[in-house]
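Note that the chains are named A, B, C, D, E and F in the order they appear, and that numbering of residues resets to 1 at the start of each chain.
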Amino acid sequence: MDEVKFALDTFYAIMSGALVMWMAAGFTMLEAGLVQKKDVSEIVTKNLGLFSIACVMYLVCGFVLMYPSDAVFAISGGLDDAGEAIVYGILPAIGTSWGLSTDMPLDEIGMAYGMDYSQQADFFFQVVFVATAMSIVSGAVAGRMKLIPFFLFAIVLTAFIYPTQGYWNWGGGFLSTLGYSDYAGSGTVHLLGAAAALGVVTVLGPRNGKYGFDGTVNPMPGSNIPLAALGALILWLGWFGFNGGSELVISDEASAIAVSQVFMNTNMAAAGGVLGALVLSLFMTGKSDVTMAINGAIAGLVAITAGPSAPTGGEAVIIGFIGGLIVYGSILFFDSIKVDDPVGAISAHGTAGIFGCMVVPFTNGDASFLYQFIGVVSIAGFGFLASLGTVYVINMFMPIRATDSEQEAGLDASEIGVEAYPEFK
Amino acid sequence: MDEVKFALDTFYAIMSGALVMWMAAGFTMLEAGLVQKKDVSEIVTKNLGLFSIACVMYLVCGFVLMYPSDAVFAISGGLDDAGEAIVYGILPAIGTSWGLSTDMPLDEIGMAYGMDYSQQADFFFQVVFVATAMSIVSGAVAGRMKLIPFFLFAIVLTAFIYPTQGYWNWGGGFLSTLGYSDYAGSGTVHLLGAAAALGVVTVLGPRNGKYGFDGTVNPMPGSNIPLAALGALILWLGWFGFNGGSELVISDEASAIAVSQVFMNTNMAAAGGVLGALVLSLFMTGKSDVTMAINGAIAGLVAITAGPSAPTGGEAVIIGFIGGLIVYGSILFFDSIKVDDPVGAISAHGTAGIFGCMVVPFTNGDASFLYQFIGVVSIAGFGFLASLGTVYVINMFMPIRATDSEQEAGLDASEIGVEAYPEFK
Amino acid sequence: MDEVKFALDTFYAIMSGALVMWMAAGFTMLEAGLVQKKDVSEIVTKNLGLFSIACVMYLVCGFVLMYPSDAVFAISGGLDDAGEAIVYGILPAIGTSWGLSTDMPLDEIGMAYGMDYSQQADFFFQVVFVATAMSIVSGAVAGRMKLIPFFLFAIVLTAFIYPTQGYWNWGGGFLSTLGYSDYAGSGTVHLLGAAAALGVVTVLGPRNGKYGFDGTVNPMPGSNIPLAALGALILWLGWFGFNGGSELVISDEASAIAVSQVFMNTNMAAAGGVLGALVLSLFMTGKSDVTMAINGAIAGLVAITAGPSAPTGGEAVIIGFIGGLIVYGSILFFDSIKVDDPVGAISAHGTAGIFGCMVVPFTNGDASFLYQFIGVVSIAGFGFLASLGTVYVINMFMPIRATDSEQEAGLDASEIGVEAYPEFK
Amino acid sequence: MKLVVAIIKPFKLQEVREALVDAGIEGLTLSEVKGYGRQKGHTELYRGAEYTVDTLPKIKLEILVEDENLSTVTDTITSTAGTGKIGDGKIFVTTVDDVIRIRTGETGNEAI
Amino acid sequence: MKLVVAIIKPFKLQEVREALVDAGIEGLTLSEVKGYGRQKGHTELYRGAEYTVDTLPKIKLEILVEDENLSTVTDTITSTAGTGKIGDGKIFVTTVDDVIRIRTGETGNEAI
Amino acid sequence: MKLVVAIIKPFKLQEVREALVDAGIEGLTLSEVKGYGRQKGHTELYRGAEYTVDTLPKIKLEILVEDENLSTVTDTITSTAGTGKIGDGKIFVTTVDDVIRIRTGETGNEAI
């Protein structure tokens, strides 16, 4: 009986994880579709590489930093003595994470994260989240950030920046103690990724030609709209794993109902987001800007992520709809302050992420605006500053920005050597 | 024990629903690949929009109209007194549907659709079906139907037309009483969608340039064949949820065997459909028309949908194969009578859907040709007339057909403002 | 209780099978992206057709040949009397396989493959494997093998070649008796497919223009890099079913842990493969060749497939990483000996498959290098020779190689009649 | 020999070509170009920002003709490619010194 | 009448066109071409093999002008399309016998 | 100065270019065009309906040469681009009034 529950919950966790892994394809297609033709191979390489780096770095140390073992606390009395904690707590834990295998007795894995399903399933489900956060960055820096510095930054973000603040919310850190409520990570994953992206973009600057001397905004249309739409639909599907899996357990009646409410609401919020963005686009321009519909879907999904189980289906539609309105305005805003974000990642994940965190108390009585606000400020502030600092340092050793002639020829030519569509003129 | 079954069946329902949601991506890619380059952004927008509208309208009232609560019958004694039924039965039910949440006691949801898994899972699984029906329409009207009238029609179809006839079969209406047998909706979903498409196309007319004055048929080749193939393969995968999930329960031995038979047969029918269309194409033209192979796969899937659990694996191959032959002939037929259907939706979902309904009695002793025929006629007739009437009325207020110059420039330019492939000449 | 386990294991098997079916889309997109524009519709048609043929032929006889019933052995005393075995064992089994239905008592299905979940689920899971093996061939022969001979070869491979050697490992044949260890088929599926591809290519020769008279290698860049990347990411996702489903049972604690270890390790090996190929590319050329990253992911996945449950997460990264290095070298090697493989299938599935088989003993104490070596040699040798012989015979009746002018115009023009991207110059 | 270069609206291509063939023209070369002229481009949208695409797609025909056929060709094009609306396009006529048919090496009128 | 054909670097297009419009030129036709010249192509990579792409993308402008505007046009192009780096391109000038505006049938300078 | 315009079969491009470079030609501009001529197009299929694609892909080379190199260029093209089969293409020669190298402002033969 219990074994069946254990098996069912494990199966549910790994299927959810597989769906979240699929989001990597979503980000890759979305970004490949929304950048210019000459930068497509590069963005594809960045996405394949960042996902791989995220998986490896989280195995190396991200996981144990985010979910530190009791040993750490036992030794140090709550990180009083960081040196001892590292030597006796973190370092051995790194070994166990890297050595996670079926041979290992469960109680040796050394994480303060008891659960009723397999640790491997848990790791697998967690690791795809860190990759998601990093994927957000790749879109925002497309078209001008060089590959190697990007990968170096990916190492730092996935090994340290994400786990550090992930610990605050999900690993037992101060946000969880405080009562910050963020079910699947509107803040912890999406806002963090967007804040990191903003930090990097601050150092990096916009693509050449994006903003005219006279303040004009030059649109640089994406090369492949159906691919971008495919990306959004992949994300939509993957998000069922992202949000649905975050209930963590499905094997009893209440959990099963909660998980299915989450599936339903996730879908409803995405639908609301599309409609919000389309309605606003029609109202503002008389046309139905498909790129806004795409961003609206993502914004709706991000907005519901902080609390997908509490709202009714109808409330989920409304939350998504507002997310769709917000992303529209946010994209115009960031363009007006000359923050170049080729795919709208900062708006869809950041601005909508803040909204998602702040709207939780409306439908979830256990959450409070103050604690949500503290969560938003600390995650966004830390993500922004840590990322800005990291790329600032990287930039001192190795320029992160492609030169004018590299940008002109396209990053595919200068860094990848492979044109994305060599036969299409 | 029962709780584990409830959980397993819920998990199965939402995974099936997620697979069906994925079909939205399938339709989007299929249609984006088979229309001309200048209409691609528009068809993408239509697909994102229609899916979102379907979700919201089904939540607003479609669900409760399709599965009316016992209250409706209790009050009205079988819809004798429609006014009272609406006030005391339907209207409150609309509230419960919109307000579906984890807080709600299960017995208050107000649907005459008892089940052993979560209502939210049921809603989620049902809502993606209505979106599927509507997706069929978007392909058939591509290249000349304007966006806003299309969305208005989507509202009517998903809120009223689909639920009304869905009730006949699955909500307890006259077709279910009669003994009409349609497991996952060859008729109720696919034929309905195709009949609706035919109704709209009747008012709309063909794309400019499709049929010459001298009766010639001008092929207007699709812009992106691999994308269309991807769409078909996505549909193929999603159909495992569509058919497989329609068993509704998996947690006992007989159901588990039935579900796996359905998976197997669904796959076999799709394979048969590809082969049927390819063999016929080779025979007729000496070449292997890939667009026919794509339509063959879909036709095979539609053909098996009315009864995927009764046939043997081999019979499923044969049913699919015939579906593949039928779609080939049907496409040529509709072209010959100047019904322009850019993606072959009316043939793949309509003609093959009729075949799927009518073939059920061969493998399922409980079904009869007469009742199947009544089902086909009533669904197709109602879908056609209701849709024709609806767009006729819409057309009186707002022309549904893009003007000559709009069609010439492409709907992407006139309605979306975003070219799908701006850098590919 | 047992019934829930049966249901859970069935559900797990069919979900795994659905994920493996999805790999068909992965191969289609990968190959469509890596061939030249003029051959894209053809490769799409080949992939749709081969998958369908594989499903039908495996139902017709492949399944029963691979998993022969006890009857075969009872009668013949171990194939001593082949004639009798065929008449009394194989032939009736062919009927039961074709007639597999929910009505059939389980013990009549006639396979020596007892299990705790539905036979239909088993068939469905098995059938998608044979399609995978055949998909490997289509990529290697792209751009010059004619369609009909290709389909004829597909019939032979999926009906006889694959089942024959599949029996050796998984059906109770000599490799299983010997102790050859190949969890999900690095050898039995991937190496077999690659060896078959090599056999066909030996008869077929390279594409016109690939190798200059002076020994130069002319790159013939793929037409659509993001599509190829999508293909790789689809394969990545599908592989969770491929490897994860090969544990066959999930409903007890040990199995659930093993399955989740497999999911985790599969993901880790793919990540390692990407990094291995990217690092080597950077080292060799100073650029990050995206096509190598794509092949690296696949090679990492192939490499872990022979033993995905035994290694620790960290070891999986290393195995994948080495796979990524190997595929890079192997592609250069095959180009240097003028074996033209447009998508790198022989290297990614063959060379990495051999490595995958041979690395098993390092992490799995039950495996031995000798038996792994025997497995590799017998699978590769048989696959190569049987395929070479088959196409040699086909070629006597019907030339398998497209003529110079057909290749020049593209196979889309000569065999399909439909251009893949008619509007993109 | 004259080279006639005509810039026309894309959707008129088929009609023009058929008329030319009817008029006895057996060869021509065409390419896709973008035109800028009195006919203004249109407004596009991207992520909320409007911008103008100044050029419009046009088809360029290049037809080599014997001197005596010149007016037939220009007349045929003028009458079939015209819609009367702005943007119908232009025809340029230049003199060609010589023409060679690669296959045979023929030159002059023989090679047209 | 003269036909000015200019081969320029793609990223200079907008600047050149704006300058021409400022100089009073109201029509032009452009197309995407590939150029081979002193400016060498670049190395690409595919599946581990390096190869050279010899040609570079260029934009070809075709501008029909009245004789008296010829130098304005060539000067404008020379001054705006030049970067001083190799590969800036060429301008060819040829004489056109006649031009016809399809819409109106006008010929000669009227039709430009 | 002469402008040589050659329409050739796409798969001959590399050979022709190499031969021209060997013959001392240092610059040329090429574009993708579609040709209609004696060589007939082919039949395509779409959703069961057959139709004819009348035009065939060709490559257009534009090469500006000094008068004295004219015959070298035309001979080189004729000999390398020919397959003897229909559809090999044409070479047109026109006179160019002037040429300007944008980078330096040089004109005439200096600028070729």
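What we mean here is this: a residue touches a chain if its C-beta (ideal position, glycine included) is under 8 Å from a C-beta of that chain, and two chains touch if they have at least 3 such contacts.
Only a predicted model underlies this, so the values are computations on that prediction, with no experimental measurement involved.
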In contact with subunit A and with subunit B at once: which chains are those? Just list them.
C, D
Equivalent interface to C-E (more than half of contact pairs same by residue no.) among B-F, A-E or B-D is B-F
Fraction-based call for subunit F against subunit D, same above half, different below:
different
CA centroids of subunit A and subunit C: separation to the nearest Å works out as 33
So, in whole Å, the Cα centroid of subunit C is separated from that of subunit F by 46
Which integer distance in Å separates the CA centroid of subunit D from that of subunit E?
18
Taking each chain's centre as its mean C-alpha position, how far apart are subunit A and subunit F in Å?
52
For subunit B, residues that touch 2 or more chains besides their own
1, 4, 8, 11, 15, 221-222, 224, 230, 285, 287, 289, 291, 416-419, 421, 424-425
Overlap residues in subunit D, where contacts from two or more other chains coincide:
31-32, 44-46, 50, 94-95
Each pair of chains that touches, named by its two labels:
A-B, A-C, A-D, A-E, B-C, B-D, B-F, C-E, C-F, D-E, D-F, E-F
Looking at the complex, which residues from subunit C come into contact with subunit B?
1, 3-4, 6-8, 10-11, 13-15, 17-18, 21-22, 24-25, 28-29, 32-33, 40-42, 44-45, 47-49, 51-53, 55-56, 59, 97-102, 117-118, 120-121, 123-124, 127-128, 147-148, 224, 227, 230, 415-425
Which residues of subunit D touch subunit A in their complex?
44-51
Given the complex with subunit F, which residues does subunit D contribute to the contact?
3, 17, 26-31, 64, 94-103, 105, 111
Complex contacts: residues of subunit C adjacent to subunit F
408-409, 413, 416-419, 425
Touching residues of subunit D toward subunit E in the complex: what are they?
2, 6-8, 31-38, 54-55, 58, 60, 74, 77-78, 81-95
